[in-house]
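Across the two complexes that follow, chain A remains constant while its partner is chain B and subsequently chain C.
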Partner chain A sequence: MSFDPAVILDRWDEILAALGVTLGTWIAGVAIGLVLGFALALMQRGLGRAVRAAVRIVIEVVRGTPFLVQLFILYYGGPRFGLVLDPIEAGLLGLGVYAGAYFAEIFRAGFEAVPKGQVEAAACLGMGRATITARIVLPQMLVVILPALVNLVIILSKETAILSIVTIPELTFVIRGIGAETFAFVETTLALALIYWGLVEVAAGAGRWAERRVGRFLMPA
Partner chain B sequence: MAMTQRALIQLSGVFKQFGATQVLKGVDLEIDQSEVVCIVGPSGSGKSTLLRCMVFLEEHDAGEIRIDGEPIGFVTGKTGKRQRMGEAGIRRARRNVGMVFQQFNLWPHMTALGNVAEALVRVRRLPRAEAATRAQAVLARVGLAEKADSYPLQLSGGQQQRVAIARALAMEPEIMLFDEPTSSLDPELVGEVLEVMRALARDGMTMVVVTHEMGFAAQVATSVVFVDEGRILAKGPPRTIFLEDGHPRIRQFLDNYRSRNAFWQETTAAG
Partner chain C sequence: MPLLVQLLLVYYLLPFVGIDVPPLVAAIMALALCAAAYFAEILRGGFLGVPNGQLEAARLLGFRPAQVLWRIRVPLALRLTMPALVNECTMILKASSLISVVGVSELTRVSQNIVATTYRPLEIYVAGGVLYLVLNLALSGLGLWLSRRLGGGR
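Let's turn to the complex of A and B:
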């Protein structure tokens, strides 16, 4: 069997559309995950013991089970519990929650990385909790956690491939479909790998740029 | 000296424990306006905890602390039950107090000017430009006008501590608390910080200073408080505490301090 790139080039329009879906679900999943993760981290910091324990359990369960299984339960098992979602809803909710659990852990570590004395100094000047978080803690923890954030964003780009199991027409779903139709499994799988790799390199490049920018004040010229 | 002495800080029966360790064992203390009180005593005696209780960075377990007549941290409810204040109440009570830490605790992502102006903008709600003008003036007061645009890591320890003093002063507190302000400085940089504090004392600022600088305490303090094992053993003018034979524990502490510095006194006397 010969190697035939035409299989890919012929269906380029379809693949491009699928790339759009992958990018869209990736960005939306990261956005939901960031908001949810930050909220979970704040809940663990500010609220009472019962809430902290509940949040802890959610994070442990989400981190402790494969995303594939979570999504399967959510989409195919959801209707049994009255939760009927269309594929894209289930995909975004699943990816967002999965991402949120990991983002929460990164934020939690970040909060702990800012010296307590700096928060005390701010409190003595009369700043409230929200101001201290926004002005003192967040900007500094961002420097510390940025590499971890970028790393997670990269991992999530590849987790979007799992969304194919709920028939979302993203890259993996579409390209594997092409492979099955044409029996060009090597060409399609290789193309799939290359496209994900390209995505990851772009994200990593953006991350390096961001790290240089936010790190500037820690190494003043 | 004012005719009517106004007690700015009042502590009565203050207790504090960390885990099983009783750190403060019933502290009573009154500090009047324009007093400069140096708190001295051995390490681990509760000096810093005592100071931190005055801004409610440590929550006292029993007793009452009043700043300018207003209780801080806890109020006694109608039923006589001790209740913790809300965040807003604590913030209000802290308004009259500035705090300077051993580790400076400047915010490294802001310039010196930014550090000083931040609370003016966020707490006092001054417009940015006005806050910057005020911050610049306070930096000039601690001799750092030309360092306004430097980040903390570009400054020496002494300069950082002076920025920290300026940051607290900018809020125009009636009381300044210093928690071992020179203990983490190179010996060469101690002088510049003490000089700023001396100037503050001359201007009539009410100050409470936890310190190991006995020379500063002797020269600047209006009264010295000696703390040992969570209790105040003595309070009085420096002359009384340092020179008169008082409590044996204080004598022991001071003898120890003097013997460490004896070498220098002998050599300077000889030279």
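Let's turn to the complex of A and C:
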């Protein structure tokens, strides 16, 4: 066997388009997950015991089963209960729900990290619940949970590779396709690994920058 | 990089450099490598969390370096990191579903095969999911029991 990087270099435009799909699904999945996770965390705080228990079960089930199996249930099992999705829709929904369960746990921990006295003080000053959450609790907890958020966002960038298995034309799918066409499995897989590594390094760098920036707001211990 | 890519890398790269291994062995190697990286990070944090006073006290009491390591540092670090270690174990259990991609007939792969013959994706995949969930709940339960036994870090 020989090593021939031309296999990859010749199809650079296809790979760039696939990288776009990877970035798109990643960002969309993170966005859906953040909104869903925040909603779940709020439901666990505010509503009655039955709702809290139901949310807890949903989170445990999503966190306790593999993302791949969740995708299979959504994409292949969905039509059985009238949920017909194309691969991208199924992938985004699946990634969003998966991310949402993990984000919900981070937000829950964040809510608990804000001292109770602050909430009580804000209530004494006449702030409503929504105002307290938006102006007192959220800004403080975001500083505390930022490292966990960054960590999860990076993990999610790697989960997008699993979307290739339900035929979403993202990076892994396209590059594996090129490998199957040209039988250049080693070159393509190495290129794939390098691109993801670069992606994760860039994301981690951005995360470190963000952590340094909010670090100034941290209360001295 | 994604575990899926690591898996493919080990699967394709080993034969390329002349090492022929069955898919199962390649899959286990990839999983182990990935798990080792995470475990190393967790344990590093655990070792940093062991108070210096404990080590100094052990040395003053005449413990040899190997004894300090195995009797003081390792047990304390394990106790500190037990929840994180158990959590990582559940992540690996879930990640093991990915090795279906290189053709190892594990739970996910077998589910796919059954679906291919019965055309009942919903039932089969939900059943597969339930099995993973039960295994994971058992793991977390074991983890809780272990951390209680180890005294919850106090």
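Throughout what follows, the second predicted complex is superposed on the first by the 218 of 221 C-alpha atoms of A that agree within 3 Å, B and C clash if a C-alpha of one lies under 4 Å from a C-alpha of the other, contacts with A are read in each partner's own complex, and residues count from 1 in each chain.
Throughout what follows, a contact is a pair of C-beta atoms (placed from the backbone, for glycine too) under 8 Å apart; a residue touches a chain by one contact, two chains touch by 3 or more.
Computed from a predicted model, the values in this text were never measured in an experiment.
Visitor: Quick check on the chain A-based superposition: chain B and chain C, clash or fit?
Guide: Here the two partners, once superposed via chain A, fit next to each other without clashing.
Visitor: Just to be sure I read the superposition right, which of the two partners does A:Leu190 touch: chain B = first, chain C = second, or both, or neither?
Guide: second
Visitor: Have a look at where A:Val61 lands relative to chain B and chain C in the superposition and call it first, second, both or neither.
Guide: Only chain C is touched by A:Val61; chain B is not.
Visitor: Go through the superposed model and pick first if A:Gln70 touches only chain B, second if only chain C, both, or neither.
Guide: Touch partner of A:Gln70: chain C, not chain B.
Visitor: Just checking: does A:Lys158 make contact with chain B only, chain C only, both, or neither of them? Give me first, second, both or neither.
Guide: Second partner only.
Visitor: Tell me the angle subtended at the Cα centre of chain A by the Cα centres of chain B and chain C, rounded to the nearest 10 °.
Guide: Once the two structures are overlaid, it is 100 degrees.
Visitor: When the two structures are overlaid on chain A, which partner does A:Cys124 contact: first (chain B), second (chain C), both, or neither?
Guide: first
Visitor: Quick check for you: in the superposed arrangement, does A:Arg176 touch first (chain B), second (chain C), both or neither?
Guide: In the superposition, A:Arg176 contacts chain C only.
Visitor: In the overlay, work out which of chain B or chain C sits against more residues of chain A.
Guide: Of chain B and chain C, the partner in contact with more residues of chain A is C.
Visitor: Determine, under the contact definition given at the top, whether A:Thr167 touches first (chain B), second (chain C), both, or neither.
Guide: After superposing on A, A:Thr167 lies clear of both chain B and chain C.
Visitor: After the two structures are laid over each other on chain A, how near do the C-alpha atoms of chain B and chain C get, in Å?
Guide: Minimum C-alpha separation, chain B to chain C: 25 Å.
Visitor: Tell me, which parts of chain C touch chain A in their complex?
Guide: Touch residues, chain C against chain A: 1-6, 8-9, 12-13, 16, 90, 94-98, 100-101, 108, 111-112, 115, 121-123, 125-126, 128-129, 132-133, 136-137.
Visitor: What residues of chain B sit close enough to touch chain A in their complex?
Guide: So the residues of chain B in touch with chain A come to 55, 57, 87, 91, 94-95, 97-99, 101, 103, 105-109, 118-119, 122-123, 150-151, 153-154, 164, 167-168, 171.
Visitor: Under the touch definition given earlier, write down the residues of chain A that touch chain B in their complex.
Guide: The touching residues are 115, 117-118, 120-129, 131, 135-136, 139-140, 143, 217-218, 220.
Visitor: Note which residues of chain A are touching chain C in the complex, please.
Guide: Of all residues in chain A, those touching chain C are 1, 60-61, 64-70, 72-73, 76-78, 80-81, 158-162, 164-165, 172, 176, 185-186, 189-190, 192-193, 196-197, 200.
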